[in-house]
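Structure first, commentary second.
Note that the chains take the letters A, B, C, D and E in the order they are written out, and that residue 1 is the start of every chain.
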């Protein structure tokens, strides 16, 4: 495969930016949701759970469309965000990041929830008797013990955002240099007869990107795994 | 069992309503109602290439039909371009924008300071390609090239306008006509773009005896009348 | 009084009632398996909420159903050696030991780090992960972690169960020193008569 | 919302069939992959891991297209399957199920892998000393202890298949009664201006379907959780 | 000979060499914490592969580096009471006890189910999940599970560490009966001198 063209570099860098911002931005709320779902019982829990799963269940185009309805510049919420904070999403790379974040959310929540459910609560109570309040217990015990899940969430979420198409194109449009991420470029290429080579190149770039993410995550997992060892008594 | 003998029609997604109406018309004449799969022309063409057992292909542009023909996937002498469409400039219903579509029109100004022009992808989707041709012919392409909001399909562009996310958009006349949320500002001159035509053809591997009958119905006066009802031109 | 406890506990379907009223020093809880010794320690540590009663340790009320006092575990400042140890598996031995150490704003002229490691014989283990420790090593680390957290009282649940005879003597001496010099109130659970008789200022039968 | 029309019932039932077959069919290979990735070290592990993530990274349309290239009746593999076993996927509900299965695979593998990594190996060795061979140990210890992950995988996978659009329409097309699942019907409705109401109804059905799956899964989780309790010593 | 063991083991960075050659009956392993007792039992059970040496129990070769014999754990038919118990957390006490029971095609005129439950005092616990057991209860269930799996020899790693004095007598009598009537070879780890002296036919120092 010959070297990337400047256009392809641009698309790749934009995709990386969008995915990275999406994943890092959605990580804290996703963890909070995972924690709520894993640890708390409250009325409406199943409703919250469904809401989290929604972007998975609906076709992405519908999700994009709902985002457009909710956050379009002519809609109340969108107008408010714009006038109060100067935030616009529509037609901006931030919109692409938001769409990617929303689509990645359910995967990330599930992965982290699964890990949190596996954390031995007895270790948390041990931390409490040693003088750690709720927050320190969380930061020093709960979070590191669910590091596996956080890492899995990052990988899954990143891969999902790198591949996100339907919601992005519907909500943020397909503007070269602003919102045209890899899948959108691939889609454009797919529409043209005989552009299979270009599709293959762009798909190759996507795969390379997420392979890199995987390698990094495996390396991190190995490091923390070595550190961790297994439960004792 | 009628489904056995009903032909399978692959039709461009933008023909959703009209083609269903045509199939109903055909069924009313005592034939099994064709089964229709609506998707992007590109997707359908690739399925035909992969050997999908379909009978009739109705594409939203000539490009993919050419491709199929080149690969001998069409029954010879069954290809007919039977529908025409026009390209229009639309604005949200409530918008008061006025603009006469002509050479040198101030399109960028009409978009306002931040507005974007909703179109279908101008490098790939037929409606977008036509829009680019027209804008180029009218000398407006360089004004708006950086102000586009390309959607995944004409429908996406239409939705952006009718939701007010974009102040203007370029879509097919048939779409604009059907959407109460938008107002047609003007029609692009027919000569500013390649003819917008919809070809139909039989697929080479088709064994269904009903298929040819349905194709003939589509291109008959009766069939064309159905499509005219949805705003298509016929030829 | 060191311990002034009268509580009713619920564990699953079982209801357990305990009453412990003892003076300073080490109080041994002695009773058959399943009597509720661990449950009582959990209640004193704030990990199990009694359905009724009152817990007072060295003049501090930790729990009182009537006046709705219920200190959080981290406010009770206990040093608890769990029957099931509960070492943090993701931290080295040193990090485990240091976990409670930060509480050390101590007025109590406590136990120094080096002394404790020495008595417990765990100095060579500092860089190890808990999963690589033997049973007795893990138990000594658990004792160390509790002692080094500047506790105001100790809860020891069979702390010597898998400590070998040689080490046991060292650890017993350490506990005696804590009892006599630091004068921390201690609740001590053991099934070993000899151990209990040697250490205890009072023996409270449970169950 | 008025009662469902016969058409809507048909679409719903088809979606359920497609998703159920997809998920149950892909569960065993997904578990096997999860096990390999969680437990074994082998050369090429990272390549396998990437392959599993592929459907997440590539835009669904590309995945559908690759399936089409691989399994079309004009292509060697597809021709072989057809002639040897009479299996065709293109334009069949089985094709929709295959597409859904492929798209759900990475999510399911990750969830189960995460649980498997959390299983205490010491319990497995205890089972071995009690006379259980590898298989019995797996069935009686490893599998039940990772039940949480299997359940999460089923829920995620089911939700993902219920929402699967791009790969399905590309690979299996959009044939009413055969491959037109809920998202494809939503897509068709979206093509018609002013059909928002119909889109909303269909989206509502999707959501109800996956809500039902969620409720069932929560119930199962609670049951097995009650049974399980937590680790002892 | 009951046990004829000469192995070298590697645990992390440590290398441990052991040699045990004893006649029938109960062999006690006695040694300080961290000496390698648990490691040796793991090797005999087939859970830790020696780097060198040979393991023979009651005439069966379980491991021989030279002739490349290495029976899988499930083929060795041992009854192993782990220092860390390892009850299956997803199975009730009864299901835990029955886990190895299916091996019972026994030629050995073993121990009956009811007798074992009786000696161990765990009959009332059958429907409970392990997480709800007290420390001593869990330990007795672990002993029961090992005994009821029709073993050809026993590996007991501090089986009485948290069993109370009353119960301890019962369990000791049970072990004596197994030693004398069933004549199963037993490797026994304990830190309790009295216990070891009462039970052991041979005492092997480790470390």
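Basically, contacts are C-beta pairs under 8 Å (C-beta built on N, C-alpha and C of every residue); 3 or more make two chains touch, one makes a residue touch a chain.
Please read these numbers as outputs of a predicted model, since none were measured by experiment.
Fewest steps needed to get from subunit B to subunit E, stepping only to touching chains, is 2. Steps from subunit B to subunit D, taking the shortest chain of touch contacts, total 1.
A centroid comparison over C-alpha atoms places C as the chain most distant from subunit D. Chains joined by the most contact pairs: A-D.
The mean-CA centres of subunit C and subunit D are about 50 angstrom from one another, to the nearest whole unit. Separating the CA-averaged centres of subunit A and subunit C is a span of 44 Å.
The distance from the centre of subunit B to the centre of subunit C, each centre being the mean of the chain's C-alpha atoms, comes to 78 Å. Rounded to whole angstrom, the centroid-to-centroid distance between subunit A and subunit B, based on C-alpha atoms, equals 35 Å.
The set of subunit D residues that touch two or more partner chains comprises 61, 65, 122, 187, 190, 230-233. Across the assembly, subunit B contributes no residue that touches 2 or more other chains. Residue positions 84, 132, 135 of subunit C each touch two or more of the other chains. Against subunit A, the residues of subunit B that register as touching in their complex are 40, 42, 45, 63-64, 66-67, 92, 116, 118, 121, 123-125, 148-152, 156, 159-160, 163-165.
Listing the residues of subunit A that touch subunit B in their complex gives 61, 65, 68-69, 72-75, 90-91, 166, 169-170, 173-175, 187-194. Contact residues on subunit A toward subunit C in their complex (touch as defined above): 122-123, 125-133, 140-141, 144-145, 147, 224, 227-233. Residues of subunit E that touch subunit D in their complex: 45-47, 72-74, 76-80, 82, 84-90, 99-100, 102-103, 129-133, 135, 138, 145-146, 149.
For subunit A in complex with subunit D, the residues that touch the partner chain are 46, 49-50, 53-54, 56-62, 65, 106-107, 110-111, 113-115, 117-118, 120-122, 148-149, 152, 155-156, 159-160, 162-163, 165-166, 182-183, 186-187, 190, 199, 203, 206-207, 209-211, 214-215, 218, 230-231, 233.
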